[in-house]
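Two complexes, one shared chain (chain A), two partners (chain B, chain C).
Then we have the complex of A and B:
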């Protein structure tokens, strides 16, 4: 019998951290913060607390059914039919997010990095690598994720170190100077980027037994928030209002950083960011397929991975041609609602059903 | 008269009973590890035995036999020419046999034979053989076999005298402060080299025969109590499933032990050094020594093992750490630098510092070919010159190297075919590739792949290649041990001997076996 693949809690935290921090640079221009850019710092802190709150249903479900993920918990609680429906829903959720990420990347790539290369070609190469990673399995993804996370953190430390002398604290204007609007939009944006909570919910069955879901989640939330907070602070104090309107402010930061004869370090940022993209896409494609495997489609694993990859590629090509749509998704209240359904409502419903079923069984036993 | 008839009838019956017991009777072979093959028993008649053996070795000009008469019985010594030390054979076997006078009371052929075995003939390596297959196997391993008329057994004397290469320093794995001994071709000599270094009865040697035609001996080596039983059983199973006609080198059977046969990275280590071999089996790994080849195999084999060298443990920790870091840098330089140069030079010139940019632009200005073509061309030419230098005799090979350097270095640049920076890149690549010989083949393939990816999509192509390589490396397992352990999955304690070589006060505290690496899926059993 094939041995089940397990990853450590540390690897899971690194993997999810990579997915979260990958979002850090792309969508802030859509907020149109301008002179209220500093309010995003409050958004980061609020999102940190909000993540703990919205994760309660998922974490409670995972605690109630150790070593089971949301899908398996759903099957245990509500039966195979509803469990299958949940599996398909979550699978589509991950595919959609993967499509948005891939579309954003292709747009960035063809607009900024290598304009000579066509979007479909860059997308095709990207998807091929991601499919290869997904086929290799969660152990390979997690191990590579640990390495990528370290690369990112080292790059981050280098860039921040180079920019410390360029910090202008005058750019940090009074908080909430223009009201709470930008702060709230920032909260929505950060909340929309925190879909790793759902990823943790699916990954839990692959984490080594005995690890606390809450501690794993807390470690991820703290690490991501600290890094993201520092990044936001650097963007605000170094680039000011210009950074608020730039589509890729972290890349802008890196292009300003200088060390020795190297006049710009955005190539390092690009390496780290593209690796983050590849890893996150691979993870989402893997999770999308993993959801479907739990309802008995094990024999079609590679076919499902291939089909998921094709859908992501085609969808991303569609999205990449219309960048404002991509931008608006991440700050959209509708997207927040979708996320809330998957992060909060579905696990909450399952918990309620489980609690009611438990009480009914208890009463039946008492009567018996 | 009645009594004589009865005695005659009894002897006749006894004779036919002994003959009947020989017909179709098979006897189990002398115990070899894991085998219980059945063979054809020797006959009591020397004539019958020799008829069979001469039939088997018909046409073998090196099959020699010496007939003699000893104690009024016909006997014969058979061997393969030039495999037996004739002087020792004469002194230890032939001379005593020719002068033999059996003690009083020994009447039967079996009694005489037993007296020969236990008292008369002396050899430190003496075995009794019972079957034709054993006789054939022993004489082809350099034994001389003694057969006597009337006895259905023989004596095999280990008097090997064949010539073999003397123990010398290996060509590929030289060490500054380590031993100068390397494995040689004979299996038993190599076993001796290992035993001398681990004077512990827990060091076990199991001999197997592989190759349907060649019947080559291989030796499975491990340390009992350190090795993991699951891995050991898996290796034994794989040995038994080897189905090949001939085994002339360890490389013939190496693929049977590979976990990822299609990967460019090997999950089976090779070494010519007994000290390296012993170091690895001391970490719970398993070694295989193949007869007639000086290259031994070890498994499991991890990525970090490519960067570890016996000299690392003979020098101080600071210098050892420095050389380790140098090796890692060298590997990634050799596979990435040409591609990076192509990518940055072709697509991302803005990333080059201004002063350097002017210099590079000037150098490449007059060249007719794109950077990717230059890089590919130079790498191919370098590999051709290298291969030519390896295959040719030393004197001509030396000249080829000089010509190659002139062609690549001087003439091509002067003619404006390639830029000088590309020559420097090739030179750096050539030097750094040779620092890790075990990763040479992988490095060459990866270098070409990265050059092509860089030519297609610049830095993005290289990053994609790095991602693909990362997924591939992290997916490989060597006997259920992750290939990239302990880098990923990370283990701080095991990292003491990866990039950094910790002092011996730390290294000697607790041994970390291969199967103890993080992420290992080996089922730990009670040894």
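Then we have the complex of A and C:
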């Protein structure tokens, strides 16, 4: 039997933190916030609270079945058949999200970094690196994640400190002046970017025994919210209403930041961004395959990773060629519904089945 | 298997350094034209662009004379096109090398192009990934091409000099510091009209001189007009951007005191109602005496400084009133952000008057208060010329 790999709770938090923080702002242009840009600050706070609420079913399930993840919990509760069905569903969920991320990367790469390169070439290079990471396993991914998180946080500190003098508080206009529409769209976007809750649900069986799922989740949620709130505040107060329509507002911030003779810091932001893309994509491909391994496909691990990579590459090419779709997905209510199924409904159903089964068993014992 | 792993690891280790050996796709510097300044004009239904290009091949010093002088060689390339992008691309027909925009020092926009196509220019600039949001943007009184081809001592004045002129706004506070991002923010907000540094060729002492000459006022994405230096500083006082400069105060008994502005703050508050909105502008500044020209025997004591402060305050107030008169009443442009201030401080009032802001601008009452304090007097407490002859 293959030795199970473990990562620390700190590594898990860092892995999930960078995954959420880096992409959130990339989709806000689709909200078309304009002069209601500042309403997105409320969205960040609301999503922080919302995440605690929607995570209750997953966290309860993980608490009830310590050292198990959602799939293993599902198999324990509802049997191998339904468990296998869940594993395939969650696997597809991660593959879809990896596809969207890869599509975003290809678009950014060909629009901003190297316009001459074809999307399939940049996508292929990315997928090769990510497949290598996924094959190496969760310990390697977690170590890489800690490095990326440190690079990202240092870049973040540098950009923020360079831009403090450019903050214009006049850009913070009255909240909800044009109604709650923009704020609600912001909540949808931020909620859609919080799928790391599901990732935590799958990763939990790989976190060293004895760690509280709630504390790990809370650390991720607090860290992500604080950093993202500051980032959003900087985008709003430095770039004003113009930043609301910029597709890569963090890059915009970085390109304004000047330090000494370096006239722009967007190269640092790009390094952190690309590393983050590699990390998150690798993690999602790893998790997609990890779900399938729970149902006895261990022998085909490498083949599954390869097939997942091919699917992600093909899907990403579709998304990168249709950028408006890529943008609108993350602010779509339908996508929120899908996420809710995976974050809330499935774990909730499992909990209900488990509770009912427990009571039936209790009654049977009493009767006996 | 272990051998295969080693071979793979070795191959990977070799591939990685190779992939980092240069940017993809690499471009030889000699194959690129580094654009230092870009001027845009419009006429005869076509855009006309003028590029100041740092000619690397010439300044690289194939000629020994150039190496000795160590001067950048400026090459001018001009082209036209139905759209701005087409005009830019058409430059390749005569240049032959790819234009690189990431080192642009200044954008100079012609007066005509800003009257009808200001929004299109901004759109082009904001979409281009090579153009930094912190680039200096200036509007020419006349043609941008004349500015970028202006010659001083038989040499074209490089765009970097234009950038430096615009950057030195803090020395006088008589021009705004306009970066591309500032203009984009104003346009995107729809509440503040952009104020852009103006540049022109002026005749100074019988000689043509290139100089930054006040502020270009944009209203509804069109150039509405210009503010002179005095009006521009009025704008700077109101928006709290004065960082330096001088004030000349004429004393009632004769004589002139020149002071250096060392600190300035402004505060705008909103009062009144929808029928008569009131904007309170409060400006505080501090100055140091740098020059005192008088034949009258003054002694600089606290009474004198109070009196001088009052005179300065009147000067500042006059500049503020002139700026409001020209920008707000003559051009109908709210470059000061009064609308945004009302929106921020009294959203309900803005809801009532914001829709017809252009009309309601005329109903605003201004209450301007200026407090000017003199901090330091220098190393003497009298004007140098005032000593009475000994009897």
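Note that in this section the second predicted complex is superposed on the first by the 366 of 368 C-alpha atoms of A that agree within 3 Å, B and C clash if a C-alpha of one lies under 4 Å from a C-alpha of the other, contacts with A are read in each partner's own complex, and residues count from 1 in each chain.
Definition applied: a residue touches a chain if its C-beta (ideal position, glycine included) is under 8 Å from a C-beta of that chain, and two chains touch if they have at least 3 such contacts.
Just so it is clear, the structure is predicted and the values come from calculations on it, not from any experiment.
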Checklist entry - Where does A:173 make contact in the superposed view: on chain B (first), on chain C (second), on both, or on neither? => result second
Checklist entry - Who does A:126 touch here: chain B (first), chain C (second), both, or neither? => result first
Checklist entry - Given the touch rule stated above, what does A:256 touch, chain B (first), chain C (second), both, or neither? => result second
Checklist entry - chain B or chain C: which reaches more residues on chain A? => result B
Checklist entry - What is the contact status of A:117 with respect to chain B (first) and chain C (second): first, second, both, or neither? => result both
Next on the checklist: Quick check on the superposed pair: does A:275 touch chain B, chain C, both, or neither? Answer first, second, both or neither.
Outcome noted: first
Checklist entry - Who does A:241 touch here: chain B (first), chain C (second), both, or neither? => result second
Item to check | Contacts of A:267 with chain B and chain C, given as first, second, both or neither | outcome: first
Next on the checklist: Which partner chains sit in contact with A:303 here, chain B, chain C, both or neither? Use first/second/both/neither.
Outcome noted: neither
Checklist entry - Touching A:147 in the superposition: chain B (first), chain C (second), both, neither? => result first
Checklist entry - Which residues would you name on chain A as touching chain B in one complex and chain C in the other? => result 114, 116-117, 263-264
Checklist entry - If you look only at chain A, which of its residues touch chain C in the complex? => result 34-35, 111-112, 114-117, 170-174, 177, 239-242, 244-245, 252, 255-256, 258, 263-264
Item to check | Residue numbers on chain C that touch chain A, as the complex places them | outcome: 23-25, 126, 129, 132-134, 181, 184-185, 187-191, 337, 340-341, 343-344, 347
Next on the checklist: For the complex, give me every residue of chain A touching chain B.
Outcome noted: 3, 8, 10-11, 109, 113-114, 116-117, 121-122, 125-126, 129, 132-133, 136-137, 139-141, 143-144, 146-148, 261-264, 266-267, 270-271, 274-275, 278-279, 282
Next on the checklist: Quick check on the complex: what are the chain B residues that touch chain A?
Outcome noted: 347-348, 350-351, 353-356, 457-461, 463-464, 466-468, 470-472, 474-475, 480, 482, 484, 487-490, 518-519, 521
